[in-house]
Amino acid sequence: MTEQRILSRQNLGPLFERLAADGRRILAPVRHGDRVGFERVTRPDEVALDYVQTRTSAKSAVFPPYEPLLQFALQGKDVQVAEPAPDAAPTVLFGVHPCDAASFATLEAVFTWDTPDLPFESKRANLTIIGLSCTQGDAYCFCTSVGGGPGDPRGSDILLTPIGATHFLAEILTERGQAVARLAGELLEPHRGNGKDAALAQIPPRFDARQLGAKLPALFNHPAAWQEQALRCLGCGACAFVCPTCSCFDITDERDRYHGVRLRCWDSCGLALFTLHASGHNPRTKQSERWRQRVMHKFAYQPERLGVLGCVGCGRCSRACPVDMNLAQHAQQLAETAV
Amino acid sequence: MEALRQRARELLAAGTVQAVLGYAAGSEPDRARPCFVRTAAEADGLIWNEHCRQNLATYLQKPEVRALGRLALVARRSTLRALLQLAAENQLADGRVVALFVADDGAVTELPTLAAIEELVARLPRGLSDADRQELDRIAALPLGERQAYWAGEFARCIKCYACRAACPLCYCARCITEANQPQWIPVSSDPLGNLEWNIARAMHLAGRCVDCGSCSDACPEGIRLDLLNHVLAEEARTQFGAEPGYSVRKDYALASFKPDDKQEYIR
Amino acid sequence: MKLGYFPGCSLESSAREYNESLQAVAPLLDLELCEVPDWNCCGATAAHSLNHKLALALPARTLALAERAGFDELLVPCSACYSRLAATRRDLLANEALRQEITSIIELDYVGSTKVVSVVDVLGRAAPTIRAKASVPFLRKVACYYGCYLTRPASLTTCARPEDPQEMEAIVASAGATPLDWAFKIDCCGAALSVSRTATVAELAGRIVADAAERGAEALVVACPLCHTNLDLRRPAIERHRGVSYALPVLYITQLVGLALGLSERALGLHRHHVPVRFAPGAAAPAAAPKEN
Amino acid sequence: MEFAVSAFEPKLVAFVCNWCTYAGADLTGTSRIKYAPNVRLIRLPCTGRIDFMLLLQAFGKGADGVIVSGCHPGDCHYTAGNFHARRRWTLFRRLLDFVGVDLRRVHFAWVSAAEGAKWAELVNDVKTKIQALGPYDAFPKRLDGRPQPAEVA
Amino acid sequence: MPRIGVFICHCGENIGATVDAAAVAKAAGELPGVVHAVDYKYMCSDPGQNLIKEAIREKKLTGVVVGACSPRMHEPTFRRACAEAGLNAFLCEMANLREHCSWVHEKLPETTEKAIDLVRVMVEKVKRNRPLFPINVPITKTALVLGGGIAGIQAALDIANAGHPVVLVEREASIGGHMAQLSETFPTLDCSQCILTPRMVEVAQHPNIRLYTYSELESLEGFIGNFKAVIRKKARGIDEATCTGCGACIQKCPTKKIPSEFNAHLGHRTAIYVPFPQAVPNKPVIDRAHCTYYRTGKCKLCERVCPTKALRYDQEDLLVEVAVGAVVVATGYEVKGTDFFPEYGYGRYKDVITGLQFERLASASGPTLGAIRRPSDGQVPETVVFIACAGSRDPAKGLHYCSKICCMYTAKHAMLYKHKVHHGRPYVFYMDIRAGGKMYEEFVRRAIEEDQVSYIRGRVSRIYEKNGKLIVKGVDTLLNSRPVEIAADLVVLATAMVPQPDAEALAQKMKISYDGDRFLNEAHPKLRPVEMNTAGIFVAGACQAPKDIPETVAQASGAASKVIGLFSKDELSREPVVAVVNRTAPPLFSTCVGCFLCETACPYQAIEREEIKDRNGNVLKTVARVNQGVCQGCGTCVALCRSKSIDLQGFTNEQVFAELVAL
């Protein structure tokens, strides 16, 4: 169903207006100094289109750092429980790179494999993703090692690829994409046959994630593979919190004297207390075990159980790590380790 | 740098230490990563430049690192201060680490005991960098509303990953206050209150203890200048109570001592 | 050792021999005295009781000049000058606003890096050298007289025990002399009344001379031009007042040290004294070992 | 606008020590001295027990102003608890000010067991001042399931 | 689920007139967890208390909130009532509806609302209360008394007479202290030794007193009721059990010219000696620094003459450990300050002496057998000048404080001198005469009026010797401030009273506090004058502040009565409002990380270190532990603990948070 169109940069403004007129809010990358992050925008001049990577990922659009799962209120001696109103505001996520666009498949696999997760699904169902192919990458990017690429259309409803300085190639990929295209109408001009590959960044593959995934179970009890690498890991949650696919959370109640809310908040397998049992026992006592869990989970467990890779090669974890734990580098080492 | 590698080789070859904890080249030229050198041959990988910033004393509390045996630690001023403060807080036995202090000119001083560290650190220049000083003064000079808005904006980006805590050599609690949930001292969520309370609690818990290494804000993936909070308190503790943490192994915690005539003009 | 030197008015006039003896002794003790260029009166005259700012500005100017010349220490032999300069330094350092006001008056900056020292301070430090170089030990009993300004006020003096100082005793002992325990070493000689009420001076100074003489002192030792004037120049008045004559010379401590170091009486200006500097024969011979006190 | 300010009744939380200020407030009662009813006391044994986090907790729960009070220096029932507390407050105030918390909303006092009148004056004075400042909306509040001022996502 | 009962008191009209008590009870009844809520006219009355007791039994209450007056008023009453009904007393809390609400606010709806708030807060708190039980600490009913002066003697005798064993430690060879050195005592002029020595003998013979002389405290550990003291018994060089105290060794000792400490260096003693004839015990010690045998390896004359062969030259210090339940510190003072005024010539002029030296001159057992003869030439002094405040009350020269006893002993000295040298002329230079005390003012008046002591109000500037006289130069500030000069034969300085030279070290060893002058700090200057801040340690005598004999004895008896009171029970029962360091499952054991920053914050030194070991005895972790016998429950450590590993029972973090949530 892919259709190809051309979108002039000048037409972004009218497009944003039409999206807004349709009741959609727009989340897009915004630059503040050396930092780019997703924020709500109304005009295209607010949007950074030349960024390599945002600090935190776009997953907040469907899986925010904290969100209510239920609310309760005391009425006399009774407790009234209420589901929070689902956040169903139609949203357009504009300008995410293909790696982030791909991450939604992983999140969906986690949040919908069994019991439907209403807070997640209500947001996901109302989200349209207008991706933006990468014309530049950096030393941390490794999408091509995990099955993606700088122009990979998967995950986007519409994928924009810059053509020259003035236009985008717009690939309309899904029914949600079509809906936006209908709103855009004449703003999307006919495709003139420009190739998109020339514009794309070159990201050489460093390892093969599928092969690595197959090999990892054999490395599980191979201390050398983990211990040395994890020795410098400080055990913070930075990698997980900036990761577009990490989906672990903790559940907590907050209350005042009459009201309360049950929240889910991001959590990280890198934190020592993540697996602490009420008994005091902690099955993962060493940081190397936690690091191993992170790698295994992304490259072996999720492919095995959910059929998706837990890594999209965005490189955020490696950029964010205070002590330069480089996931791609370690994955490459593991791939090269003889079993 | 060569002097550092040479000292590392000698210490390892002589068996004085089982590992040298230093810095190696990072993913990119503007990064350096902590590394553990076990053999004299590996010492060639040690580097020393302005990107070698993470305070290595932070690692000493980790059981995996404890298990390595006696360590040599590549150190700058704040690393030495962290070692002394850890010792003052019963967290570091004398002789467990050999500090390899690298001066600005690259000269390496081997400090095998806490007494030697005390002696050297006493002679080093003190105080904030000019850049830190200016930023501190700039924020302090903002009108209250703008100051509040500035920090609300900064804290809004906090994702509670606790990298600041993990990178800090003096945040070694087995259970952080954020993890104490009966009662729940600080909201788990990274909402405005949770982030404000966390950052205030972190700074207060380091008041009179912080050794000004800046590892907290270096580690922050969102680039929040958390270290400024520490600097403000360090300055207050020094001017009000004469607190100079990290210069002695003597336990002298400004918040666990007092003078009858401490300042109190704000108390009516 | 290089020292800034502020002789003050007296040492150029009534106390020339103090200046001469100090200048003669200094090189033997490895001291280089460098007179502060363009120094002025310390203000110990009427100034300090009439105009407070003038009283500070006068010494401050000399201090500032000494500081500008780069001296760590400024030697002030006259006790009155010493007191004025030391007090000024203390007051300016204690009060930043005052310091700024005074330095703007004198149009010279002074931050206090130059300290004020007395002859007793300097000779006290040199005592080991004096002991080593004393070729003609001064084997006589002496009474050390401090007067007022060397020990007062307690907040300014460098004497460890202001009410019972021992610093001069240590110096004269290093030159071979035997310091006596006596009664009046810090009592007033009446210098302030030297011109106006000579009768009072005769009573006050007379007690001093009399007690020293009665205890067998062979010389009074002083470190202040005003004391010297009252005890030496006013001797006839004292003798008239008490009806006794005393052949007790009054030596500047620099003169005593100079004698021990083998300098000539002329070089030390002993001939300028009113009371002749003469001693009973015999004892001064270096035969007997100097008695340690 | 004016009537809106005067209609605002601030919520004040007071952390007090048992031996001096709580007893002082008892004396206010015994002396029948009237004061504003806006204050709620939290009784703790000693000012040394007052964790700085409790003050944040009070604001996070909606207090518009906080009073902290204990024994005068030298009068501490436990000898030195108030001395330790005082150091803690000195640092805490500096930090609060730096991060933009309004110090006009945090009041420290020494009120002895004999100062019943001082307690009443203190409460009335703080109430008047906080009333003039209005509700403390700039301080974030604990999530409680009620609609939040800003959207969560 | 909690079952809380709420009881709202009208207190007659006191609460009821302003607060709608029934409405408060009704509102409380609707609170979650509240199963019973009533109001009543007088809750503290017997019927009121019965309402509570019945409800506890019938409604099976798990917690009680009484909304009434201040807890400082009736908390014990209601807690007792709860306990009587079988509910743990600490599950009862009070909401202060009277002092903090009805009495201070007008009758307005807000006032009733506030009352409801106050009740709700306490309901939320009490839901989180846990049953607490008084802390019982066993008591070792033996007292340690440090110091064998009159303070220590009095305390030891009082405690021993009450039937408790006492360990009395004195560092000198004999008990007696300074009082044994005194001649007569003011204001009665009775002989000091005559009243003291019977007490000394009583100590020696008392079955309950174990006496360690020539001994010092080596270390003290533990807490109230349970101290462990180690006493260093210094080597005397003789076997005390064998020695009969015959004195033959002293007679024969060839080294006779050692200045006698007891005689304040005015007389001499031998190398083997007893400090004074009435010494208790009357067993000599060998002064090894001066003994010929120890210095040269030869002599042993004493061994040759000893009829019982009691000499033990190779004896070594002995460490004795004793378990005690209370300690009385009575280590006394020393006289000092002769160097504050070098111009007075002490040390240079033999006839300038201290007050204590004058005591020895005046004492019948002293070097002159009581005759007032000046040290230089043994002549009877015709003119004696006494200088008061020679070191005290003069921050510029000496000490800032008043030594308190000098006014009186100077008057006494002048009198004693006049009584012994009838034609003598005593002069006293003074600043003020402080003669507060029973018969004290009269005593001074007697000195001035009957014994014609010349009191000169003024300071002495200098003393010098002239023609065999000491010229005392001073000023008479009452006589138009004229300078005065007195040619004296003897000058007596009323030197200051200062703590023992090692007072600071001893205080640190015992972990008790002391002030800037090194005097020990009592727990409260008015209400706890004989207690130290560390529970179980008491203070008596001049080690706490300058004081005279009657005061010292009174304080010693006070300290003794505190000890006796403590020993009157087998166990010490304490309010369980104490701090507790948590313990958790392994491998954490406790969330405490052992930084011990709380240690110095504790005013009571209640923080101890506990080593957590594995089965093989290897230390896994060192964590803090609060000694519940010592903790007073201020909670300073709780607020300081970063990881929230310490909590305060009765005021837990959870309770306080619940209160805040309920507001």
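Chains: A, B, C, D and E, in written order; residue numbering restarts at 1 for each.
The criterion applied here is as follows: a contact is a pair of C-beta atoms (placed from the backbone, for glycine too) under 8 Å apart; a residue touches a chain by one contact, two chains touch by 3 or more.
Note that the structure is a prediction, hence the values are computed from the model and not measured.
Traced through touching neighbours, the fewest hops from chain C to chain D number 2. Considering every other chain in turn, the ones in contact with both chain B and chain E prove to be A, D. Chain centres defined as mean CA positions place B nearest to the mean of all protein CA atoms.
Ranked by how far their CA centres sit from the centre of chain A, the chains are topped by C.
Centroids built from CA atoms put chain E at 70 Å from chain A. Look at where the CA atoms of chain C average out and do the same for chain E: the two points lie 53 Å apart. Look at where the CA atoms of chain A average out and do the same for chain D: the two points lie 45 Å apart. Our note on geometry: chain A versus chain B, Cα centroid distance of 32 Å, whole angstroms. The multi-chain contact residues of chain A, meaning those touching 2 or more other chains, are 66, 254-256, 263, 285. Among the residues of chain B, those touching two or more other chains are numbered 175, 177, 184-185, 187, 189, 191, 255-257. In chain E, the residues that reach two or more other chains under the touch definition are 588, 601, 640, 653, 657, 661, 663.
Pairwise chain contacts in this structure: A-B, A-D, A-E, B-D, B-E, C-E, D-E. Every residue of chain A that touches chain B in the complex is listed here, in rising order: 34-35, 37, 55-56, 65-66, 139-140, 227-228, 230-232, 234-238, 240-242, 250, 252, 254, 263, 265-266, 268, 271, 273, 285-288, 318-320, 322-326, 329. Contact residues on chain E toward chain A in their complex (touch as defined above): 30-32, 120, 124, 584-588, 661-663.
Across the complex, chain D meets chain E through its residues 9, 11, 13, 18, 22-23, 25-30, 32-35, 37, 40-46, 48-52, 54, 57-58, 61, 63, 76-81, 84-85, 88, 120. On the chain D side of its complex with chain A, the touching residues are 61-62, 142-146, 152-153. The part of chain B that touches chain E in the complex is made up of residues 89-91, 172-177, 180, 182-185, 205, 251, 253, 255-257.
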